[in-house]
Amino acid sequence: MIVILKQNVESEKIDKLVGRFEDMGLSCHHSTGAHTTILGIIGDTSRVDIDAVRAIEIVEDVKRVSEPYKAVNRKFQPDDTIISVKTDGFESKLGGGFFGVIAGPCSVECEEQIVSVARRVKKSGATMLRGGAFKPRTSPYSFQGLHAEGLELLMTAKRETGLPIVSEIMDLSHFDLFRDVDVIQVGARNMQNFEMLKALGRSGKPILLKRGMANTIEEFLMSAEYIMSGGNDRIILCERGIRTFEPMTRNTLDISAVPVLKHQSHLPVVVDPSHAAGIPWLVEPLSKASISAGADGLMIEVHNNPSAALSDGAQSLTPAQFDGVMEKVKAQLLFEGKKLSS
Amino acid sequence: MIVILKQNVESEKIDKLVGRFEDMGLSCHHSTGAHTTILGIIGDTSRVDIDAVRAIEIVEDVKRVSEPYKAVNRKFQPDDTIISVKTDGFESKLGGGFFGVIAGPCSVECEEQIVSVARRVKKSGATMLRGGAFKPRTSPYSFQGLHAEGLELLMTAKRETGLPIVSEIMDLSHFDLFRDVDVIQVGARNMQNFEMLKALGRSGKPILLKRGMANTIEEFLMSAEYIMSGGNDRIILCERGIRTFEPMTRNTLDISAVPVLKHQSHLPVVVDPSHAAGIPWLVEPLSKASISAGADGLMIEVHNNPSAALSDGAQSLTPAQFDGVMEKVKAQLLFEGKKLSS
Amino acid sequence: MIVILKQNVESEKIDKLVGRFEDMGLSCHHSTGAHTTILGIIGDTSRVDIDAVRAIEIVEDVKRVSEPYKAVNRKFQPDDTIISVKTDGFESKLGGGFFGVIAGPCSVECEEQIVSVARRVKKSGATMLRGGAFKPRTSPYSFQGLHAEGLELLMTAKRETGLPIVSEIMDLSHFDLFRDVDVIQVGARNMQNFEMLKALGRSGKPILLKRGMANTIEEFLMSAEYIMSGGNDRIILCERGIRTFEPMTRNTLDISAVPVLKHQSHLPVVVDPSHAAGIPWLVEPLSKASISAGADGLMIEVHNNPSAALSDGAQSLTPAQFDGVMEKVKAQLLFEGKKLSS
Amino acid sequence: MIVILKQNVESEKIDKLVGRFEDMGLSCHHSTGAHTTILGIIGDTSRVDIDAVRAIEIVEDVKRVSEPYKAVNRKFQPDDTIISVKTDGFESKLGGGFFGVIAGPCSVECEEQIVSVARRVKKSGATMLRGGAFKPRTSPYSFQGLHAEGLELLMTAKRETGLPIVSEIMDLSHFDLFRDVDVIQVGARNMQNFEMLKALGRSGKPILLKRGMANTIEEFLMSAEYIMSGGNDRIILCERGIRTFEPMTRNTLDISAVPVLKHQSHLPVVVDPSHAAGIPWLVEPLSKASISAGADGLMIEVHNNPSAALSDGAQSLTPAQFDGVMEKVKAQLLFEGKKLSS
C-alpha cells in the first residue's frame, strides 16, 4: 500500500502516522522528494481500511499494491479448488479440469414441468438442475415463484433423475427450506447482501455466487472472501453479464472476467449466457466462447415451453435447442481436454 | 403496450394471442401492413409480464407505452406526498415544499461521538440524524458497525436532541431492533432485495429507499412500488450517484434523476452528495445543485473527526464544514421559497 | 509517479531503470520491503509515457501522483481565464464571474429562421448565437446541414443582432469557411480528433470544446491541453452529458464535472442541458443546477418551430419557453452574484 | 415505426401527420383506444428522422420496429461479404469462412523494427501487417508517430514480406499518403467522424472500422452504412472493447457483439484483444473466445521489444508469445473448420 502525503506536512504528524501503521504490524518506508512524501506500507495490508487512511488529514491519496482479498487469492492457494456435489449415485464436479453444466427453467412451475425438463437436460448431458422457487422480479405484480412448494418439486426432480439441485435463496429467513438443496445460489442482486454472505459462510453448503450487474471483479472476489473467511470454501463464481450502455443485449457478458478470475483466484468460474444476453440464439456462441476463455462450467435456462413460461421465457432454450448446444459443448470440451463431469 | 409480430404468422395464432389478452381484461387493436402486424394492447397493462409476452413464439418484440408502476405514479396521485416524522416536541417534514436535511456520521462509534455530532448538526439546522449501526462493507475485514448497541446510542442522541433517527437495515432478522428508529433506510445494495421491500411494505414505518448504483429510474420506482403496493406509502426516494466509467468521483450524481423522479412520482426525493462524490469539498456545490434541481432534502455525512472515523471518513464533513454548507443551503431555500422543516 | 517493481528483480536492472528516469531529468527514491520495491519518481512527470513504463519487463504497475496536464492546470495558473468575444458594439465574456448563454437552433435552416431566432434569444438575454452548418448525424440519410450557406446565414444573423457566433467544425478542410465564426465548436465526437485539436491550437480562435460522451474528466482536460500547448489559451470547456445505462434521459449530465473542472483548471466551464437530457422540460432544472454547481455559462437549443426542425427538434425550446428559462437564470445569477455578460 | 400520440389529439392534426408520412411514400395504420392512439408506419422508414418525428407537437413517443441501416443489413444481402486484399504473390481474405490475423506493432519506429516484426509474424501465420504511422495519443506530450516516414517503412516491410498493410488514418488531409496502404483503419475515436467516413466511402479502399469505445452496435453499423452508402462495400468491422466501470481490464471486450454483428450484417468481423484488455496474457484466451463466438479475424499487437516500445508497449506480445498464441489459433480454426487465409 502506498500512501501519498500532502505537501509540506510537519514531520511529527508523519511520525504519528508511521506509528499507527507499525502498531498494526506493518512497516513503513519513506520516499521524500522536493514536493512529495510517499510512504510504502509493507506487510499484510488486507485488513487496512483504505477509506479510513484516505480520510487522515495529512494524506493526499492512497493506492493499493496488493489485493485486498486473501482466502480466495490464488497467490496463497495455487491449486484449483474443485467443488464436488454428490447425490445418490451421481457426483458432479466443477473446477480443476472438471466441467459442469447447470440447466433448467427460470422458475419451477409444476411437477410435470420440472421433472420432464430435468429428464431432458440430464439426457443431453447436464450435470446439475437449476430451478427458481423464490424469484427476484422487478415488478411486484409479476409471478414471484412457488416458494416452499417449488423447492419440494425440485426434490422430486432430484429423486427422479439424481441431478443435484441449484436454487436461489432470497432471504435468510428461508434458509431452513434449503436443507436438501445441493447448491445455494446467491443472485446478482444479493452479491453484496453481506449478512447473507456471512451466514452462508458458516453453513458449509456449496454456494453459487453470481456477480452483481454493476460490481467490479474485485468487489466480486471480496464477496467470495466474506463467505470463505467464514469457513466455507465451497464457492462457485458465476459471471452473468454486467450493465453497460449497449441495449442490443440485456447485459454485456464480460468474457475477460473469466480468465481474470481464474488468474486471481483458485475458485471455479461458470458463465450464465442466458441471463447475460437475454436472447436464446446467443446461448450457443457465448457458451463456446466461455469454454475457450477457460470457464469451468455453464448455467443455461431451459424450459419445456418458453412461450408459456411464467418468468423469463424469452431467454430460455427448448430442450431440443439445449440438446443442440450440448452437442457443440461436448465437442469443444473434448478439443480443450476438459471432462464433462457426471 | 405494443406487440410486434413476426412476419407471415398464421391468423389463428394471432387470434389465440388476442384472446389471451382479452382474458386479462385488455383490448387489442390490429395494424397490419405488408410485412408487419402490430397489436396495440389497451387497458391496465402494469400487470402484464413483458418478458413472458416476448417469449411467445409469434412475437418479434414488445414495447411498453405506459409506465409499469401505478401506486407511486404521479398520474394517479397528482399531489406531492409529504412525509412527516414526529418525536417529542419535534416534527420533521419532507415533500410538498418542506425541505429536510438528514445529517450524521457514517457509523455510530460511541455515545460521546453520536451525541456531540447530533447536537452540532441540530444547531446548524439538520432536521434528522443519520447514523449507521449495521454497515455494508465491501471487505469482511472492515469495521461492520456496533449493531444493537449502535441503535441504542442513536436513541440516546434522539433523547438528547429530539432529532428523528434514520438508520440502515441490512437484514430482515434485525427488524425488531429498529422499533424506535424513525426512518428505516434501505441501502443501495438492497434496493432490489424484494423480500425486504415486501416486509417493509407491511410495516407502516417511513422508509428511505436509496437508488442502487446501477439501477435505472424505472427500476427504482418499481422498488418503491413494492413497498407501496404492500400498503406503506411513507417512502422517501434517495438519489446517491450511479456507477459510470468516470473515476474522479466515487459515483456520478445523476442530477437529472431529481426532476425526472418528481415528474414521474408524487414521492419526495432527497440527494446524498456525500456518497455520490466521495469528496468533502464537492458536498456544497452538489447540495446547491440538488436544491436547484428540485430536491426535497439532503443527506450529508458529518463526523466529529473524519481522520479517525471507522468507516468512510474520507467523504465526511467536520461539524464546522457542515455549518458552512448549511448557511448556503438556508440562503438558497429562502431564494427557492422552500421551508427548512423542523 | 510511483513505479512498483516485480518481486526479486536483480539490482542491476533496477539501476538501469533508475538511470533511464535520471536521463529525463527526474529523480528516483527507493523504498525496498521484504517483497516489494517501490520507486518514487520526482519531478515533471507530465511528459513520461505511463504505458511505456508499464511495459518495462521489471515493472509490476505504475501510478500517477500528479496530473498529466500542465497548461490547463489551475495549480500553475490560479486565476480564472476569461474568454472575451467582441463583435461590432457587443462584447460577450465567459469566466471569472461573467456568465454567458449560448442559444440557437441545432441546425441553420434558412435566413428567416436563423435571424428570427437570433432576435428572440438576444431579447431574452442570450450572449451568443449557436447554429449548426455542419451536422454530425448518426445516419447518412439524415439532414447533414447547409454547410457554407449555413455559415453565411449565421453571418447575416450576426450583422442583424450583433451576437457572436458559435458553430461546429467537423473537418479541418472546412477551416477557411470558419474565418468569421467567433467561437469554433469541437463536438463531443471530435474531442479526441487530435489532428484537429493541434490545428485549432495554432489558430488563435476561441474554441468551445465539448466533452466526449464516454471520456473521463482527465481525458477532457488532456484534449484542452492539446489546444493550449499549441499556443491557444482561449478555450471554453463544455459538459454535455455522458453515456450511462440510464435510458430515461439521452445522456446523464455529470453535474459533478462542473466543480471538478473548475477545481482542476482555470478554464471556463459551460453546460449544455439540451443535449445532456434530450427533453425540453428538463432544460430549466438542469440550467439552474448548473449555475448552482458553479458553471460559467449555458448552451441551450432554441428553435422557432421545434416540430418542423430538420434535426434534434425533440430537445429544442420554443423562443417563449427559452424566455421563461432565462427569467429563472437571471434571478439565480443575481442570487449567485454573477453577471450575465453582454 | 410506431408513433404513439398524446392523449385527446384533434383528428385533423392526426390527418395532417398521416399525410406527411404518406408524402414520404409510407402508409399508416391507426390503432385507437380509449386513451391512446398509435400509428403503425409501414414501408422503408430508414430515411425517416426519428428525432424530427419525436419533436412533433402531438407525438408522445416513437419506436423503431425495423433497423435504420440498409446497405450493411444482412436481411437485404444474406451472403457473407468476403474482403480480399492482394499484394505481389499474396492474397489475404476475410469473411465467408476465411480467417485473417492482422499483427504488428502499435507504432512503426524504425526499419529494422518493422521489417523484423513483419518477418516474425508472417512466419507465425499472420495474414496482414499492422503498424501505426499516425498515433492518436491522449497526451500531446506522448510520441505521435513517424507520419509519412512511418508509412514508407511499412511499404518496405510489405516489399520484404508480401504482407498487406493496415494502418490508421487520423485526418483526411493525409489521405494521399495512404495510396499504397492496403487497408485503411478508422480508429475508435474516429468512428463517428462522419466527414471521414463519407470520403472513405468514395475511395474504394478496404476499410477496417473500429467500434467507438462508447458506441452501440447500432451506431457502429450506421457508421459502416455511411461508408457503404457512399459506394464502398469493402468494410471490416472491428470490436475492440467498450468502456465500462470495470477497472481490471482497459476496456470490456463485448464478445456478444461478434455474433450480434454477424447476425445483423453481412460484413466480416474481427476482434482486437490487445486493445480490449490492455494485458498481454489475456490475448490468448480472448483470441480463442473470439473464434468460438464466430469472429472472422483477429488484430494483435506484436513488438520486438515491448519494454522499449514508444507507445502501448504494455499490451504487446513478443514475437515468441505471438507464435504461441498462433499455435492455439491454428488448432482452433481447424476445429471450427475455418481457413487461415494467406
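Labels for the chains are A, B, C and D, by order of writing; each one numbers its residues from 1.
Rule of thumb we're sticking to: a contact is a pair of C-beta atoms (placed from the backbone, for glycine too) under 8 Å apart; a residue touches a chain by one contact, two chains touch by 3 or more.
Remember, predicted model here, so these are calculated numbers, not experimental data.
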Co-neighbours of subunit D and subunit C - touch as defined: A, B
Contact-richer chain pair (by C-beta pairs counted) among A-C and A-D: A-D
Same-residue or different-residue interface between subunit B and subunit C, half as cut-off: same
Chain at maximum distance from subunit B, centres defined as averaged CA atoms: D
Inter-chain centre distance, subunit A versus subunit B - centres from mean C-alpha coordinates, in Å: 27
Centre-to-centre distance between subunit D and subunit A (centres being mean Cα positions), rounded to whole Å: 32
Averaged-CA centre spacing for the pair subunit C and subunit A, given as whole angstrom: 40
Contacts with two or more other chains, residues of subunit B listed in rising order: 214, 243-245, 247
In the complex, subunit D residues that touch subunit B: 2, 4, 27, 29-36, 38, 40, 42-43, 60-61, 63, 65-66, 243-245, 247
Parts of subunit D lying in touch with subunit A, wherever the complex brings them together: 214, 216-218, 242, 244-249, 252-260, 263, 276-277, 281-282, 285-286, 288-294, 332, 335
Partner subunit B, residues of subunit A touching it in the complex: 46-47, 49, 51-52, 54-57, 68, 134, 136-144, 170-173, 189-190, 192-196, 198, 212-214, 219, 222, 225-226, 229-230, 243, 306-307, 309-316
